[in-house]
Amino acid sequence: MELTTILFYLFALVTLGSAVIMVFSKNIVHSAFALMFTLMGVAALYVLLYADFLAATQLLVYVGGILILILFGVMLTSQGYTLNFRTITVNLVPASLISVAAAVLLIFAFLSTDWTISEVAERTDTVYDLGMLLMGDYILPFIAVGVLLLIAIIGAILMSTRLSAENNGAS
Amino acid sequence: MLEVISKETGNKEMVINMGPQHPSTHGVLRLELVLDGEIITKVRPNIGYLHRCFEKYAEQMDDYAKVIPYTDRMDYVSAINQEHGYVIALERMLELEVPERVEYIRVIMAEMQRIASHLLGIGAFGLDLGAFSPFLYLFTEREKILDIFERVTGARLLYNYFAVAGLMRDVHPEFKTDTAEFVKTFRPKIKELNDLLSYNKIFIKRTANIGVLPEKVALNYAASGPVLRGSGVEWDLRKNDPYSIYDKFDFEIPVGTGEVGTLGDCWDRYMVRVKEMEQSLRIIEQALDGMPDEGDVMEAIPKRIRPKEGEIYVRTETPRGELGYYIISDKSASPFRVKARAPSFVHLSMLPAISKGSLIADMVAIVGSIDIVLGEVDR
Amino acid sequence: MLNAVKQSWLTFRSIFTGMGVTIRHFFGPTVTLQYPDEKMELPKGARARLYVNIDDCIGCNLCARACPVNCIDIETVASTQDVDLGKTSTGNPKRFWLTRFDIDMAKCMYCDLCVHPCPTNCIYMVSEYEYSEYDRSNLVYHFSNLEPEMVAEVKDKAEKEAEQKKREREEMMRKKAEEKAQKELEAKKKAEEESNDKEKGEE
Amino acid sequence: MTEYVSHIHPVAAILVHAAIPLTIILVYALVAIWGERKIAGFIQDRLGPMRVGGWHGWAQSIADLLKLIQKEDIIPTDASRFLFKFAPFMMFAASYAAFAVIPFSSAYVGSMVNIGVFYLLAVTSLLTLSIIMAGWASNNKWSLLGGMRSAAQMVSYEVPTIASVLTVVLVAGSLNLMTVTEMQSGNDILGFLPNWFIFQNPFLIVAFIIFFISILAESHRVPFDLPESESELVAGYQTEYSGMRWAMFMLAEYADMLLLSLLGATLFFGGWNSPFGDFMAGPLWGFFWFMLKGLSLVIVMMWIRWTLPRYRVDQLMHICWSILIPLSFVNLVLTALWEVIF
């Protein structure tokens, strides 16, 4: 077997396994760390697809950024600083119905797609292409997203400063 | 205790134990901190880990002189100063005349000890704030003082050197030159300390405006020593209530100025100590000049110490503040009661008042800046 | 803005000043003493361990009484009349066998208080400081130079002498008591006679 | 050499490629830990380790390592066992993986990817996560506080680091560190100065200062060593660790220091280029120069460590968010303008 194939199955196993742990773990922090393994596995799969820029972005943004935010959120909002962040199961019936429906949909899509299997993709300089696309064809949406994020940041700053000002006034 | 606090706060906040085994509690102080995030909402000092029943033990000694080694062990960083207060109290009780030479040697030793103690306090303070090297530089200087002390007394830390109306042994012939040499080499080191630590911007950021102790609070808590002077009160028992021969010397009382922050912050308390070392050097120089060369330091020591029935309170200025001895005599050979008013204990009691609302890191700075010695707090 | 620049400049300057100090120390001399290889010379009169020159000890127990922590344990036996223990180097006559002179250095607090009352200056501090032990009981120093048999012999002798003395004393006491009784008897007789005389006189 | 191995077996080639940085890290860590103690000793008028190995105790780190291997493996009862065990390895893996794109010499770089710098920054962001993991899994309050602190610190300081790195990328026009290094060869500036980026453009000096401050914070060195500030948080996230796991943290920390210093050397000081043009150039000399530059930065970091006190956590954040980040972005724009004009 090719080395890449072995690696593919390995990373797929890591991704799926940790995803399962993430869903079924009772402890939120454990779930969060399982999510980290899932995201890293996906990044590794990107690398196998020669999408190295995407893989690095995945690591930087999801693992290095969003996951840390999730962890901060869990730890700051929960009661006390203990190991016992427990999840409880609510809405068992509707949730399982929706997930079964989603699974059926995905499997249907998976089976009905006409997959074309190509030879190994050529390794190209993805950064250059990405840059040209973002700054060329998709310049408008790119700028729009930028402005949106800026507005969100300003809003967040405004909210947090007002909150802290109120706190100061109260104390 | 822990449960009580967590009940009060309804489990919303984190209770954390700083000490008794923590790198920056200067011994075995245990602080219960109630934290909201990293902000301290409540502090409760728990003391007593080093309690040795000094006061009770003094009562069952069959001789007043046997208590002196125990006074050393109260504030083991400035043992000479602890002895000084006790022997002065006994001398006043017995109405004894102390030879002049003895007084001069005592003052030199006490001021040297003050420098040694401040060196340790300042060094440990810097260490608390993460500056490691100044600590060791200052320790090197302290070693030199201890070397001088070892030649004089034979011991390096707990001396038992002062006796009632005398000294346990005479100084060696080179004492004057040794001490003068130390004074000469030590002056530039203070400048170096100021370069390295005192006026370092990071250090100022960590200590200015932190743990502000207003004058009024300081007075209400009966603070004394550098802690009180750091709040701008010019109060030094060596000047305000002179004992020994301190009225003969010309020196200033450094007070906090709020130079880089608010008056009475950690930096002011720190700086008062630095400036006090310079003043101590001045006193030592004058005392070295005035010290008589001849005279038996042991001749006036009484054979038996039997004070008249009565009581006395004597306060002296130790490096940490006002150390008071309250002694009651019932005419027997042993004291009926010895009570020590320890400055560290008093200063520790105001910790909750000045550290509320600060961060854990500030807590470390505040504890360091009031410079407590747990041997004295617990006695 | 200008203020911020100035503050940053001051911060950098203070940092560089500090770094200048440390680099000077980097190339400066070191003060470390490589302990087991080189040792510090303790000054004369350093208080590191108690030592007793047992030949000079007269067993007066003053040091044990001066000790605040009771770390000195002395047992003495009076010498018999036939033995002369000699004199100390200071000329004080020795009158006691020192059957035990133990100092528990684990208890000692090096306060020097036992040294001063000694009339013959035989107990003093020496600058020997490397005497740590694995077993605490090894820190009890036995200064008495008497062999156990000797101790037993001395004790036996002293006991015998004491017994003899006691007997002598008892004898003396008995004699005294007898004399006293006789005297009393005589006195009684005398008194009786006197009273008789008086009665006679009254009659 | 690597090409020769790849003829034998592709997996062997990969392993050899991977083993070279690992060897460098391990040897460096042994030397650096000893060196740091020596530097600390001399700065503080001491001698530092003197006993093991004869000359100035050079074998001290090896002795320490042997001691740590023999130590009892302690895991707190209530710790989250898997995460507790996993965290040190993940931390080391993260800093080790980042070495893949560092061009050690003109003849050797682990992986010639085009996104070199970007990959490096992405992989090092895993360090943050492993610290949170260690802090949380220990089930110790001090560890947790240390972990949270360092996470906040590293996430924040990633921004000025990236911005200052971007400044160089802007000038170089490439993310590939090998290309960036090659662009700095030659001695053209003022006739004698090497073509290093730090000499090319005044704004890059500012960028370097920002970068250096940021890497001090990223690798937890004084004055930003808050995660493990011993006087406040005992030992931060490492409090409950002992033995080999603790050694892994130590190793990762020193590896991180070297990594960021080498990155700085690559970006600002010409990487493996000799400062004397063609004199003393070549693959092996290149390696020598590169390590010399990187280790000089490491030594400066140590020198700073033994001089300064540390900042408080809010002051640290203040420096990052209201000084370094705006400054680095302004600097980025000004550099771009400079590049356009000249």
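Chains here go by letter, A, B, C and D, matching the order in which they are written, and residues are numbered from 1 within each.
Throughout what follows, a residue touches a chain if its C-beta (ideal position, glycine included) is under 8 Å from a C-beta of that chain, and two chains touch if they have at least 3 such contacts.
Keep in mind that what you see is a predicted model, and the values were worked out from it rather than measured.
Peer 1: If I rank C-D and B-D by number of C-beta contact pairs, which comes first?
Peer 2: Most contacts of the two pairs: B-D.
Peer 1: In terms of Cα-based centroids, which chain occupies the most central position?
Peer 2: Of all chains shown, the one whose C-alpha centroid lies nearest the global centroid is B.
Peer 1: Give, as an integer number of Å, the spacing between the C-alpha centres of chain D and chain C.
Peer 2: 64
Peer 1: Taking each chain's centre as its mean C-alpha position, how far apart are chain A and chain B in Å?
Peer 2: So the centroids are 59 Å from each other.
Peer 1: Between chain A and chain C, what's the gap in Å when you average each chain's C-alpha atoms?
Peer 2: 80
Peer 1: Measuring centre to centre with CA averages, how many angstrom lie between chain B and chain D?
Peer 2: The answer is 44 Å.
Peer 1: Please output the residue numbers of chain C that touch at least 2 other chains, ranges allowed.
Peer 2: 15, 18, 21-22, 25, 31
Peer 1: Two or more other chains in contact with one residue: find those residues in chain B.
Peer 2: 14, 133, 137, 140, 196-197, 200, 202
Peer 1: Residues of chain A touching 2+ other chains?
Peer 2: Correct list: 81.
Peer 1: Please output the residues of chain C touching chain D within their complex, sorted ascending.
Peer 2: 4, 8, 15, 18-19, 21-23, 25-32, 34
Peer 1: What residues of chain D sit close enough to touch chain A in their complex?
Peer 2: Checking each residue of chain D against chain A gives 10-11, 78-80, 83, 113-115, 118-119, 121-123, 125-126, 128-129, 132-133, 136, 139, 141, 144, 148, 151-152, 155, 158, 175.
Peer 1: Touching chain C in the complex: which residues of chain D?
Peer 2: 39, 41-47, 50, 303-304, 306-308, 323
Peer 1: Show which residues of chain B lie in contact with chain D when the two form their complex.
Peer 2: Against chain D, chain B makes touches at 14, 16, 22-24, 38, 126-133, 136-137, 140, 196-197, 200, 202-203, 205-206, 359-364.
Peer 1: Report the residues of chain B in contact with chain C in the complex, numbered from low to high.
Peer 2: 61, 63, 65-70, 133, 137, 140, 143, 150-151, 153-155, 158, 160, 168-169, 172, 192, 195-197, 199-202
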